[in-house]
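Order of writing sets the labels: A, B, C and D. Residues in every chain begin at 1.
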Amino acid sequence: MDIGIIGLGKMGGNMAERLRRAGHTVVGFDRSPDSARDVDSLEALVERLPAPRLVWVMVPAGGPTQETVKQLGGLLSEGDVVIDGGNSRYTDDLVHSEMLAPKGIGYLDAGVSGGVWGLQNGYALMVGGSAEDVAKAQPIFDALKPEGDSGFVHAGPVGAGHFAKMVHNGIEYGMMQAYAEGYELLSASPVVEDVPGVIKSWTQGTVIRSWLLDLLVLALEQDPELADITGYVDDSGEGRWTVEEAINHRVPAPVISAALFARFVSRQEDSPAMKAVAALRNQFGGHAVHAVAKGEAEAPA
Amino acid sequence: MDIGIIGLGKMGGNMAERLRRAGHTVVGFDRSPDSARDVDSLEALVERLPAPRLVWVMVPAGGPTQETVKQLGGLLSEGDVVIDGGNSRYTDDLVHSEMLAPKGIGYLDAGVSGGVWGLQNGYALMVGGSAEDVAKAQPIFDALKPEGDSGFVHAGPVGAGHFAKMVHNGIEYGMMQAYAEGYELLSASPVVEDVPGVIKSWTQGTVIRSWLLDLLVLALEQDPELADITGYVDDSGEGRWTVEEAINHRVPAPVISAALFARFVSRQEDSPAMKAVAALRNQFGGHAVHAVAKGEAEAPA
Amino acid sequence: MDIGIIGLGKMGGNMAERLRRAGHTVVGFDRSPDSARDVDSLEALVERLPAPRLVWVMVPAGGPTQETVKQLGGLLSEGDVVIDGGNSRYTDDLVHSEMLAPKGIGYLDAGVSGGVWGLQNGYALMVGGSAEDVAKAQPIFDALKPEGDSGFVHAGPVGAGHFAKMVHNGIEYGMMQAYAEGYELLSASPVVEDVPGVIKSWTQGTVIRSWLLDLLVLALEQDPELADITGYVDDSGEGRWTVEEAINHRVPAPVISAALFARFVSRQEDSPAMKAVAALRNQFGGHAVHAVAKGEAEAPA
Amino acid sequence: MDIGIIGLGKMGGNMAERLRRAGHTVVGFDRSPDSARDVDSLEALVERLPAPRLVWVMVPAGGPTQETVKQLGGLLSEGDVVIDGGNSRYTDDLVHSEMLAPKGIGYLDAGVSGGVWGLQNGYALMVGGSAEDVAKAQPIFDALKPEGDSGFVHAGPVGAGHFAKMVHNGIEYGMMQAYAEGYELLSASPVVEDVPGVIKSWTQGTVIRSWLLDLLVLALEQDPELADITGYVDDSGEGRWTVEEAINHRVPAPVISAALFARFVSRQEDSPAMKAVAALRNQFGGHAVHAVAKGEAEAPA
């Protein structure tokens, strides 16, 4: 079937390719003239698609997605369906859906997992929206998802797909941090001599085997002591939203929040909080503080 | 080759069976007469094994393992090797090794992962000890481990195997808690209507796919709302040791410790700490406390 | 000077009393006819005040405060000032301030601390707004605050007062939990025989002496083992907002969030997350789970 | 009365001074010839004291204290009492007590709080040991403790004093971190313009007023943005022991452990754990990593 894809970056470009390999006709648009776009405007994209149209939005969450959906609302017609496959917050979906509904334009939110490996392995899809709209896009979902009986779920009404993806990412934060703490402890212990070997040994037969663990093995094969990179870790928004939603629903989330905070710390040059602790210890105990200028301990005044 | 196995419980019994299927000759001993033991004493076990002997100890960590190793020290001879495959703390290994060394008896510590699925899939093995002793037991390790090029590592000298297994279990705590927090958040949100479906969808193509996730899918197929079990979770010791070793080595372990503490909380009828917080709020704000007798909020005196 | 107070509950009523003792003329309104109100409507309250009027809103945060401020916007005149002394989120203040500004009505947000002890000791006040509006209300602030040179701050523009109060409460969560964890550990150790005595000893000369500690001593004098209350702890919103603002500003907040999550846990009958962990352990290890019906461990099927 | 004090550093020297001001006769020894010592050996110290002797040990915990107590065991006589006022782990006390008991030498462990302010304000004392031994030293305790009816407790048998002091310090870690997180959040928010002013305002009338808060005010008066110190924070052992004892007693300690881990992080040049997380994100998502050499983001290979 025909589908328009807006946004041909790392994710959108690969998804277009996977859909074409499956026999679908993709009309791609990207605002960059240097992209492999098929048309040079949203208007042209809409014109190239037969009605009822299916348009997959794959641009950065927040402003760019909101603006794109708004523009599509002015271009599409009754019976068309917009799919937001980006990492939008699920609350945006409710806004988008209500914006399009009066014109009879359907809306689906699709959480997508798979990263750079998705082209080859398929993308896991968590979808929110009406059964009717999901049915219209099902051939597309079938082509994008991995083979087998998993990798796709119609999670609930509009918003459910991005909510599920958000939780997926929150879990991802926690799992990565768990592996990372274990890695650091192995590295810190003098008794373990072959840290990459231990981690590789875990990839078969253990309780903690996983795809992430396989990737850690790959990373350690390339750089056994991770000597070439720094411990600076960005966060994309979904970890933050997961903790916020946990708070909204009164769900304790000590592990996911610890993983999130570890990323915040990783990006600080120095910690204002720990300056305050150092200052307090100096005040009550005369404990030496590390002066900024010298970078070394000195006796308090 | 020939091997003695001491302890024929859930783990030891299955390991004996896997070794026999691989063509090895196993002499099994268990202190219980109701077990499938081949001999009724340690002495008999030692007599039945040709020298140099290989004896695998698979009894509870702590006292039982310590006592068994001590007794073996009196029965075995130069060139024999004792393997502790239980969940001993790695510091015990150093004691055991030094106890046996004067008699020329070798010692290996083997961290074993795989649970009840190990008979079929193989057991991941993390081994500590000398290269010479490891070589003597290699055919046994090869039979126990899963197929493929992973699932076994000679991690370092005595203690390294159990240290690696301890870290493995610490990671396991963190991963399980990450999934659990995600599960609770999905369940708490009204927008996600098919929680088991979402979790099953994650098993292919996602960043968080893993064997533990597969098991969560199985558990939810049997009991979609986990209505038949309570949230009471034991801990086996290795999670505690992981946090203690993290402290020893000044390694931050917020995720693993949060997972450990969540288990402590899960086993409390009521929390003394939260009683103290409730008492404080009552003192400064006149906030209602929940009286024990009535179990409901009442105005403070 | 004259001031109107809306809301004569535990806080508002005591504040009115403290202001009267200081010689100010208070016109009190509460929607409850059973309160000690001076007038029976907002309209009457506004009429009784000489211009320029000062009106202190002390009703529950959220809807009630928003509605009250909106109504006041329709009743007050240029040069009057509204003070929100409740526990509003600071983002509400920006809305309120913009709503009143076109009519020339000033707006101040005042974070208030002190609880039931404020009548006697004074209330700490953190105020946000313009210097001009603060000056108008200064005599009121001076009467409410404790004696001495602290207890009042003009923290910044509109919103700064409630932001500061929110952070104050977040710190309060962390401090209470720190004491509570210490209390539980003392209680758990067999070596410490006089737990209330230890805690009382800390109230002089130690690094951790504080008013909260004094209150814990009082609570333990009334109930040395906290036997009469349960560990069920509400949270008022400001702890949640503190963590959310920490996330907004990328500030690591492991201690405050841990304290918040402990409260969530304290209110759960059972933990869905820990059910999931128990289910996982049962799946991979055959570990016994606690069945709901029996409340005791049983072997897995 | 007469007392010997071993160790005349920051703490021991001030305590000797406070005792002398109270009319007691102090014989001080320190291994450093540059100290204000009265005698130049332990033997001389013992000789100068009338029997039954009271000797206060105030040297670093661990090896130095253990060695000193051992030597005293060889020099003292039946009826004498040794008091360990250092920051020893309570498990050391049990060893020391058993070492001295056969000779009839009493033993007390005294947890001491007060820091550099103790000379002036008095030292809070938490004491473990027999009632008989406590009675012998009571005049000394009375002189050291602050005025008033608090500041001293006989917490239980040998070990109880140091256990109580350990918990005190654990609470201290949690409280400082709570203030520190609040300080960082205030500093991060653009709406609060007077951070030191807000914190000073909290010192009267609020729920979170405390001596530590007073010290934070002092620190901010000296350096309003804490610009002159770095966020590098040592830990003295008692925070580590608190978490370990919490684990021993299955007491959840999320706040105290978070505060401890924050100190570990504060001392790391780079975090091996966060390197691992960065490496994982690069593997699955092609997220840029920060190369060590350049210190800036670069596209993955």
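In this section, contacts are C-beta pairs under 8 Å (C-beta built on N, C-alpha and C of every residue); 3 or more make two chains touch, one makes a residue touch a chain.
Model, not experiment: these values are computed from the prediction.
Between the chain pairs B-C and A-C, more C-beta pairs are in contact across B-C.
Taking each chain's centre as the average of its CA atoms, subunit A and subunit C sit 36 Å apart.
Centre-to-centre separation between subunit B and subunit C, using Cα means, comes to 44 Å.
Counting partner chains per residue, subunit D has residues 115, 177, 179, 181, 184, 188, 207, 211-212, 250-254, 258, 261-262, 265, 271, 273, 284-285 touching two or more of them. Chain contacts in this assembly form a complete graph, since each chain touches every other chain.
Partner subunit D is touched in their complex by these residues of subunit B: 207, 240, 243-244, 247, 250-254, 257-258, 260-262, 264-265, 267, 271, 273, 284. For subunit A in complex with subunit D, the residues that touch the partner chain are 10, 115-117, 176-177, 179-181, 183-184, 187-188, 211-212, 215-216, 218-220, 223, 226-234, 254, 258, 262-263, 265-266, 270-287, 289-293, 295. Those residues of subunit C lying in contact with subunit D across their complex are 90, 113-115, 118, 121-126, 128, 145-148, 150-157, 159-160, 163-164, 167-168, 170-175, 177-179, 181-182, 184-186, 188-189, 191-194, 197-198, 200-213, 242, 245-246, 249-256, 258-259, 261-262.
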